[in-house]
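Here chain A shows up in two complexes: once beside chain B, once beside chain C.
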Partner chain A sequence: MSLEEPGPDADAAAVARAADEMEALVGEHVRSRDDHLNAPGYVVRPDAVQDVLGTLREEANLDHLSCVTAQEYEDRYESIYHLKSYDDPTHEASVVVPTPKDDPRSESAAPVFRTADWHEREAYDLVGVEYEDHPDLRRILLPETWQGHPLSLDYDQERPQIVPLREHANPLEDDQEGDEGETMYLNIGPHHPATHGVLHLKTTLDGEQVIDVDPDIGYLHRCEEQLCQKSTYRYQIMPYPDRWDYISAGLLNEWAYARAIEDMADIEVPEYAQVIRTMGAELCRIAAHMLAVGTFALDVYGDFTAIFMYAVRDREKVQNILEDLTGQRLMFNYFRLGGVVWDLPDPREEFFESIRDFLDHLPGSLEEYHDLISANEILQVRTVDTGVLPPEVAKSYGATGPVARGSGVDYDLRRDDPYGYYDELDWDVVTEDGMDNYSRLLVRLREVEESAKIIEQCVDLLEDWPTDDRTIQSNVPRTIRPDDDTEVYRAVEAAKGELGIYMRSDGTEQPARFKIRSPCFSNLQTLPEMSNGEYIPDLVASLGSLDIVLGEVDR
Partner chain B sequence: MSDSAPDRFRSDPTQVETDTRDARISGTDDRFNSKLRQAFGASPFILTKFDQFMNWVRGSSMFMLQFGIACCSIEMMHTYAVKHDLDRFGAGVPRASPRQADVIIVPGTIVSKFAPRMKRVYDQMPEPKFVVGMGSCTISGGPFQEGYNVVKGAEEVIPVDIHVPGCPPRPEALIYGVAKLQERIATGESSPVVVKPYELEEFGDLDRDEVVDQLAEEIDEDDLVMRYNWADSP
Partner chain C sequence: MTGGDVVLQTTNATNATGAGVSRPPSAPLADSIAGMLGLDGVVGAVVGGLIGAFLIANVMLTTTAIAGPWAKRKITASFTDRIAVNRVGPFGLLIIVADSVRLLSKELIVPDGVDRPAWDLAPIVITFSALIGFAVIPFGSGLQLADPETGVVFVFAAASIASVGVVMAGYASNNKYSLLGGLRAIASNIAYEIPLIVTAASVVIFAGTLQMSEIVAVQRQPLVTVAGVTIPQWFAIVNPFAFALFTLANLAEIGRNPFDLPEAPTEIVAGFQTEYSSVYFVLLYLGEFIHIFLGGAIAATLFLGGPAGPVLPGFVWFYVKMWAFFLFTQWARSAVPRLRIDQFLDAGWKGMLVLSFANLALTAILVGVIV
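Now for the complex of A and B:
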């Protein structure tokens, strides 16, 4: 593969030049450089955050605030803003904001990037950095009465905690005058069939119309980051990614971790393993999109109707194939650093046959889906022009995946920041310009076709792969200790969008900081934007079309 | 009944056409003998205790609560849907409201913020009610047991009748668990509560200590709270 690249030296030089250009833009604020493996890092003062981010956004076209990572060192706190460009995600920069231990205050980025709102609330909640000028700095994942910040260094996990079960009050009650303009407060969730898990929507209604919706998350905050920080790179972390986005998207998530650690520890992956990875990941994407489509129809049409059963039927087929490949139906744990855990199942012909069988039937089933849902007038009335998300708004919230592509944002890491075997294969990125619930549905259905194309090519390749060149894992040391203070942020295109991992090593075999950038977390932030002023059934449809999975929102 | 129609519904037993009945009773043709009839003999009556009858009825028709938490709920949905179809066993109608449900399957990790809500949902179900804990998280916290926010098993909050281990359990395993529950209900067994669970209490009733003092300004005396003693968790 290295033959086609223009040569690492030329690449590195170009990157260095771009980094210096960016530094020149914000030079007055930059105190030093703290480069990460993936991007140049600029250390700036806590009161210059908005200036720097605003300049980089306008002048350097870094219009995607992918992630905000906060962490505590022995001597300081640090917030890192991972910036990317929607046009070219390999054009990256990190803005590092150190704050002193005794007064961890820094300026909020929320006025520049709206997505920073939730990311900074999470940083405050888990690490304890306070952001000035933040619109609404309160806890987001943990209950509001929680004591201490669990990812800070001196947190005592044994201390008792008290969690209240309160009635929620109407936030707009005080604004009302007399009988006119009376509003009603409605809790949707955390136990509600339409919230796809344990999401809680604090909704305020004026008649049938939503005037305010505030997603309340954290009902499935399973401390994934803490658990990864307690696990070793080599074997212990890999089972956890399966459980972030648990809708059969396991391999896509595992790839996010695999990609980050393979970059960090400089591990090569054999080409044969890359093809297997690509094939498995796309099978996962089909399964995930099937469930998204099925539950979306469930939300819009009502109870367990035919379309849900159809979707589950097709998922069962995919899961059978994945079970043959990995040995598990849902939590695959199939990737290893530098490859995959075992080769394709024997007899190979039978395995390929089963995949081809599935692919042969797929166009027919997609036809059925289109007959039943996308061509159905009822569904069109419910979804066309509801939940409108203009591309500029989507970008400012850091939306990615089918949500962004349904708004016409042409952004797909598989093509724009290639990994695996994607750049060798022939497939297209799907976008729709409708910006509404219907477009997001169409994007998912069409992406299933693209995934099928990728799988077919992978099967062709694997069938003809020479027998003596089937290396499934490169030689990886038993314990991995990346150099002290290596930092990397790497993302892959998961089923819901850009799934990123930030890792910092401290020279031991466990990461010092493990941060997950979840696509659903950012996508869910757009819900108020899509739903305020709309009818409440449209709110439910919009939520369904976002296709969130709470395990990944809350982590 | 019109005169022209053949009068096949006579009540006089001597007049009833008796070919099949004779064949059945005499044993020359047992095609019509159902298992039930063989068990009952000639008498069409069953003598049973009303309790036993009710237990059998309960076990044979269970309404499940539509309750998804985490990864296991995906496998739970597969159990309800085609291929596995839990409804074959008289236990596959998911109800969205806890007030209509007999069984709650707890499919996933329970964290501190969710446990009071789950307790409330459980309290809203009418008696008699049953709980199936699905997956390792509802047994011990599973892979997330060491997390700062994770309740170490569903039994810390509500009593559990059947534990289905696995991460996640396969649909077949869940069906087996539900079938076992039906069996237990039908034979009238009930499960004792073995763990002293976390309860919802009024904040004013808690023993005063450091944590309570710190939160005194944030929480009203009569707010319901759940207090987690992480150090005592199993």
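Now for the complex of A and C:
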């Protein structure tokens, strides 16, 4: 904790006191402490997981299971439950559950936090920890017939595993559920116009109404975690985040890694670079939200409509600005440890002018979107009160970002767990209480306005920034080797929600474990909750309103 | 039909252009072709009819060819701030040829387990149901293949056959999306064809005849003369409410936005046409576009005075009116969101049906009392 809170001793003491209080709550189960940089870590027995998590949720207000990380050590397996509070995300705790090497069984957290369902399936799939009492423990990213667990230590990385269609449990073969044959089983995807990528929804229909939908993911699994574990902290990891959420949210993703490693290696970031980062990130957010709104309209309107083209047109302007800034349109690779790669483009006035031009036109465009989309009565009939996600359910599933804020959950890491330059600027967190598809649409449209506010203030700051104080990178060693067994979990507010990175170092220049907490992964879990009992078009609209990117879901 | 017809005709005798009740079914275009060829009798009727049908069908197919690969793209592009096809030929017009070759040279994929005769026949049924409808449409300038006394009934009957084709395609494709599309097509056709035809019936009450040429003739009469400008008695002007109803129901009938539920690409992939490729796909596409134009032709005939219009010859005006309707459908496509199937059916049964019957009753009372 001391590394994380470099402030006055009083703060550190308060944090330590809070950690002790939490420990007292679950003291009977805690075997030892294994503190992470960001939070106290309590080591508990594998059969006490539900007790501990339940108590912490009820008594310590840790109601957000942000992520579940599993990893294998030489002598044990370990599952880590990263807990946070929706009211105050800096109030964190990690519950560490070691399990013996020969019998990696651990109690499932799914009965306490519903989001644990998928997270534990992933842990089982990739690392091999088995969770007892799990409602449906099967592979999630890899094919059913895959042999071994790729992130476990004894996994043979060299052995080719080709799963021919005939041997592979065909995901498309199920046909009917129930004996009566009253329902119809429908595969939506993996190639369907409305799944926004290679997502496969196993849907059970009664007429046109959805009885059950089971998302089948993993078609775009590219081993991003493993790629990062094979790369050096200093230079090689940074390009990968661009490929997670590739809908031009690159800088936001890069920031997640930058924040985690900067905390881990104790790297300072110059203020000037923080302002540039903030501005770039918000530009990315606008670009991402534009596409989200455009494709949502496409899903509801049905045909290739004006709205999509208008949204893409405005996104194009953002991308031009980002291209000027970073030299790239999609895979920016602009952030560096301790800053950004280069300064604003010359001539600066011209660059600022182009941003201001964009910002000047933005209110007009937004009004146009509101005329075309949110004010359209047919669209309102389609989206209001469909895909309802009550706040309690959203929290239980670990939903974040516009999905949570559309359900009235006032949660935004930019404000609640400040990083970058956000806490110096004047802007608001947007929430809507409708809990439906329409609210999520409105949240995105209004967040674009807030992002514009932030960008404008950043431009003002950058214009007046003294010439001799433009440090874009702090002095960072060429090789970074954090101390052995340093663990950190850090999250930023990406376009889709909370994008978190867990890293454990082993004294080398590569992370021993690199875990990505993708907002889309958790948000997509809410889909059955929203869609069951509604019509196929509502399912499609709900999926659109979740704004998932399969690159980030599958990683 | 004769009973009701006679009563109406007698009440409306002053309005009608003196058409006798006993006038035999005529075929203006076929007759004039036979006349030009110097044929008469049965041979003349058959040869003239065939040549006339060939002409009309080709005009419509050409129109569709322009509308599908080119005009639709251009119109949508201008609604969405784009340029669209402009590389091949002047204004990109030769894309029509290029696209035809491309589509026809594609592999015709026959999926496993399709119900063969039905699956093969569906595209043909859909396309030809629309073409048959044009047999009784008065294009103006004597371009009307046949003019039976029951023209209005015939044209709706022919257009409705398309529903059978859609259901065949949906059911025979051995694909659940197709099946859903087929079911949606049945539901929407039942829900919207009734308002469509009931609204058309109100026009029939006004005109006092089911014969297309007579309906056009009635609309030629002046309604009012304002400052020397004579406004003709187009039924869209006489009863704009019926025209609005008819246009809406027509959109649903031809399955265009916001009522394109049978194919709804983002929901059920392509609905009933999911499994069709190559020639069959072209046929389905042609069928859909001919249906749009048939819808436009019916609206023009029943409500917009048919071929009537100043200066230009009649068939030009008729053609313009059909294209105007096509433009309208594309406009709706770019601007109006799609309804959900239950909302769509609700609107049909609880809104359109009630309104169309109200319109019919009102028209009947007005015509009965005033005329």
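By our rule, the second predicted complex is superposed on the first by the 529 of 555 C-alpha atoms of A that agree within 3 Å, B and C clash if a C-alpha of one lies under 4 Å from a C-alpha of the other, contacts with A are read in each partner's own complex, and residues count from 1 in each chain.
Definition applied: a residue touches a chain if its C-beta (ideal position, glycine included) is under 8 Å from a C-beta of that chain, and two chains touch if they have at least 3 such contacts.
This is a predicted model, so every value here is computed, not measured.
Chemist: Using the touch definition from the top, say if A:Glu158 reaches chain B (first), chain C (second), both or neither.
Modeler: first
Chemist: A:Pro193 in the overlay: touching chain B, chain C, both, or neither? Say first, second, both or neither.
Modeler: It touches chain B and chain C both.
Chemist: Is it chain B or chain C that touches the larger share of residues in chain A?
Modeler: Greater contact footprint in residues on chain A: B.
Chemist: Once the structures are superposed on A, label A:Arg313 by its partner contacts, choosing first (chain B), second (chain C), both or neither.
Modeler: It touches chain B and chain C both.
Chemist: According to the stated criteria, A:Leu379 is in contact with first (chain B), second (chain C), both, or neither; which is it?
Modeler: Only chain C is touched by A:Leu379; chain B is not.
Chemist: Please indicate which partner A:Met184 is in contact with in the superposed arrangement: first for chain B, second for chain C, both, or neither.
Modeler: second
Chemist: Taking the superposition on A as described, I'd like to know which of chain B and chain C A:Tyr301 touches: first, second, both or neither.
Modeler: second
Chemist: Identify the partner contact of A:Ile536: answer first if only chain B is touched, second if only chain C is, both if each is, neither if none is.
Modeler: second
Chemist: Applying the document's definition of touch, where does A:Glu208 land relative to chain B and chain C: first, second, both, or neither?
Modeler: Touch partner of A:Glu208: chain C, not chain B.
Chemist: Contacts for A:Pro46 in the overlay, against chain B (first) and chain C (second): which applies, first, second, both or neither?
Modeler: A:Pro46 sits against neither chain B nor chain C.
Chemist: Quick check on my understanding: which residues of chain A belong to both its chain B contact set and its chain C contact set?
Modeler: 192-193, 304, 308-309, 313
Chemist: Hey, which residues of chain C end up touching chain A in the complex?
Modeler: Of all residues in chain C, those touching chain A are 76, 79-82, 176-177, 180, 184, 257-258, 260, 264-269, 333-343.
Chemist: Report the residues of chain B in contact with chain A in the complex, numbered from low to high.
Modeler: 66-71, 73-75, 77-78, 80-83, 94, 96, 98, 108-109, 111-118, 120-121, 143-144, 146-150, 167-168, 170, 200, 203, 206, 209, 211-212, 214-215, 218-219, 223-231
Chemist: Which residues of chain A touch chain C in the complex?
Modeler: By the definition above, chain A touches chain C via 184, 186, 192-194, 208, 297-306, 308-310, 313, 376, 378-379, 381-382, 535-538, 540.
Chemist: Quick one: in the complex, what on chain A touches chain B?
Modeler: 142-147, 150, 155, 157-166, 190-193, 196-198, 218-224, 226-227, 230, 239-240, 243, 246-248, 291, 304, 308-309, 312-313, 315-316, 329-331, 550-551
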